């Protein structure tokens, strides 16, 4: 038996480490190129954009509940989603009550994003979002199922006792005294319940909220197929999925949304719309190409090796 | 004030940790083992802290003992019955006893009981709407055009849509037939349907695989961003006198 | 019992703001009364534990079965009773009657009961940490293979827990805003260990999957069998559809064939991927989901009614 | 007091009760016939014995991971299957490693595994360190289990239960050392990765069928038959509903807006909408944003 392997046999069994190195190099190199890759937003993202920007669905100045369930580990996708979402909310003066059921760190991570977007606004001489006046941080609630149930049953008692310090005051006060939540006591009181999540908390919420309030989700690519299931059955009104969703949101923010038979939704042209989504989008393309090439090479080599025999 | 050099130190430590864990891609070495054990230790330490700081203090202790009034906040009375949960939790530790290990089944039973009851509660909330949305119309309401036009009439069902809906229904039913375990049949139709069902499931799995790839790659790209852009380009190069 | 039976019987479970401010189930914070009541409750609980230890063998199954049943019963009742739309309706305006009373009481009790599992799991966590510490202490004591790594584990554990509590305590004493300004040692320690290391390591471990997904796809996506081929094709279409640039190019090409032709427009990448998703993937997932849901419901029923034993005899 | 309650819709309650009824009835039936109801062969399960056999030949441990979910029916189900695995392993005095993420699952696992060794008559072979709590954080857990896999070179692995992202880390690490893997995740999103990386995969509720198939306990067998009945009921409901919906789609009613004209039914006038998502009573939020 000859030990010499043919090129086809070799290509059928490329060492894992070679593939790993290629992937790492390609991803890194792509990051140094800044290109706005074109996108074609899908219906779920368009619906989400309409829900967030259309004045009828979400009136300017109203309050939404924003459940942020992601931490560093899904930063790649969730941070971009959160940034795009916050940019829209802040530009439309939408107040938000922030909470998390997934991880104790999630509120802190969310606060960092708010801070970053605030800095961006400050640099552009726009109004900075203030705690108490514009948003409150309700913090972390352990037990996703239980909390979602409790929120659906009775938002006010579910988050009772959470405090926030108004600007210029020394003592923290009950969040329901704040302008953000003063008119909210049930989930039905908010026009939209938004969930940015790195796990399946959106599913848990959908099951527990049972259609009491329009629900929008920004989920990771993994959760996409499952969430689309709920989107199709109308339990989720709009959804942005993964990095693709971010890139689509960003281009919708830049270009606005025109759909036949529906009112036009405005754009935010002239503002900082392209962010983390576009920064990573090219690298995603090159990595996917590598993957496709690897699969094709493996198959071609397999067929060729068979033919030789 | 935070020290000025701290952010770069923190970045450096983070990069070291990333490289340490990535080394397992090459193979398991002492280097990886070091970071793995550190990781496990940190996680356990955090669990010990979060146990009280993030869970028990706010959800148990504060409710049990209440809080006194301070500026702007009314007093909240304590509910003493919460105290009963501690002995129940302690019962779990009897699992190490050879004689009384059955007592550990009480806290376990409560957790399982609560979970089981919830299944009954949420089952229809979860599956009812899915059943409803599977009931797609199977008769076209219009024959004006076969293929759904680009500007469809509101509410109309075109023949092409009906074909799609039939495929949907057939996929659903044949995939469901694959999961029937208690029927033995020689019927070619039924057996063919289950085989089809399995193949159709593979389409779903392939599509999920494809769309998951996005998240996984993005997270890796984000780490590369962290190492090469945040640490090297924005942190280290300015520090050593680059631009 | 003018205020309705539920206000007297078990308002502990329904710690609603609407309940009478003080009742037999609570006591004002900071008073000797609350400490005494808490103490008595704990004693009673440990008394129950002692009683269980003494319980005869034949009662064991019924006792644990009763606990499971009662725990599950709560959610089953929530399922069966109508839900109030606004559970914050003030007491005086709430409708009276058995059904209404129960459903309001249930709605009030949900936020309380929801925490039970979590609190119990937190108490049990000690058992897990104990096992971890025991294994590694033994390894160090016996100088087994790799014992220095066990030292690393134990040291980082102690460091994380110490800085965690220290920082937490400082924040309680000084207030979070002050700590963020002054950055005492505790804040550095916690931030470096948690934010700088633990979180980064989690992200790093998570991102490893990208590499594994590449090698798994390379190995598994071969046209060997019908199943593997189907898997491969579906995955390829899904991946192509993820690339905005490819979608725009492909769809642009299709559009050039006939932008107004409904038939031609069915072949855009987004339509093809959408068709697969809507008519093949969604029902497939749904079929699996129905099965899993039924399995969970059945298992839930068996556990709830103690038809199936868990654990040893 | 109208409008204080959510209309529950009778269908949800009736359907849930019907499913529960099917399951309980069949458990009763199975008990009467002492479990002699038919269950078809499930391919992945035959692999269990083979893989343990191989691990024994190689003298390497068998790894079991009951997912990373909290203590619930899914992890309990996984542990029931692991009890069977351990039973076989105990016969051959093969070492096992059972790694847990949730402390409550760890508690139950300890009890179950010790019990297996006791009933097999080899309590002295039970090593308390074989059931391990690794970490309660997902990726620390993944790192720890990967370490165990690579250092102890586990020859067979059973990954069953609620797996999330860590599924592929474990599966590919196991694959890289050539271990045989039998896997199942109730999380549909992870099943494709097990399909790609593992030798044998149980899909969906084959997982729930597994312990009935392995143990042939009447309760489990009966419950499985009841689940099958429920699946048929769901399928029949969907078919019937689709037909009713189609008929509703063809129906024309007088148009209120244009006298003398007819129009199709609106979505909320259709029968299935009425059954599945009954209207909620009118309710004006007390102080919501207007």
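The chains carry the letters A, B, C and D, assigned in the order they are written, with residues numbered from 1 in each.
Following the convention adopted for this analysis, a residue touches a chain if its C-beta (ideal position, glycine included) is under 8 Å from a C-beta of that chain, and two chains touch if they have at least 3 such contacts.
All of these numbers come straight from a predicted model, not from anything done at the bench.
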item	value
Chain pair, B-D or A-B, that carries the greater number of C-beta contacts	B-D
Centroid-based (C-alpha) most distant chain relative to chain D	A
Cα-centroid distance, chain C relative to chain D, in whole angstrom	16
Geometric centre distance via CA averages, chain C-chain B, whole Å	9
Residue list for chain B, restricted to those that touch at least two other chains	21, 24-25, 33, 36, 39-40, 42-44, 46-47, 50, 55, 59, 76, 92, 95, 101, 105, 107-108, 111-112, 115-116, 118-120, 123, 125-127, 129-130, 132, 134, 165, 169, 172, 176, 179, 201-202, 204-209, 211-214, 216-217, 219-220, 222-223
For chain A, residues contacting two or more additional chains	16, 20, 23-24, 73-76, 142, 145, 149, 185-186, 188, 211, 221-222, 225-226, 229, 232, 244, 284, 287-288, 291
Residue numbers of chain C (touch at least two other chains)	15, 79, 83, 85-86, 113, 115, 117-118, 120-121, 124-127, 129, 132, 146, 194-195, 198, 200-203, 205-211, 213, 215, 217, 219, 221, 231-232, 236, 239, 242, 277-278, 281-282, 285-291, 296-297, 299-301, 303, 310-312
Topology of the chain contact graph, where touching chains are joined (line, ring, star, complete, other)	complete
Residues of chain B that touch chain D when the two form their complex	21, 24, 27-28, 32-33, 36, 39-40, 42-44, 46-47, 92, 95-96, 101, 104-105, 107-108, 111-112, 115-116, 119-120, 123-125, 127-129, 131-132, 134-139, 141, 155-157, 165, 169, 172-173, 176, 179-184, 201-202, 205-206, 208-209, 212
Residue ranges of chain D touching chain A (in the complex, touch as defined)	138-139, 164-165, 176, 187-189, 277, 283, 285-289
Parts of chain A lying in touch with chain C, wherever the complex brings them together	14, 16, 19-20, 23-24, 37-40, 42, 71-76, 105, 142-143, 145-147, 149-150, 153-154, 156-158, 160, 165, 185-186, 188, 221, 225-226, 228-229, 232, 244, 247-248, 281, 284-285, 287-292, 294-295, 298-299, 302-303
Complex interface listing, chain A residues touching chain B	16-17, 20, 23-24, 27-28, 30-31, 73-77, 79, 104, 140, 142, 145, 149, 161, 163, 171-174, 177, 207-208, 210-211, 220-222, 224-225, 229-230, 232-235, 241-244, 260-261, 279-280, 283-284, 287-288, 291
Complex interface listing, chain A residues touching chain D	16, 59, 61-63, 73, 182-186, 188-191, 199-200, 211, 222-223, 225-226
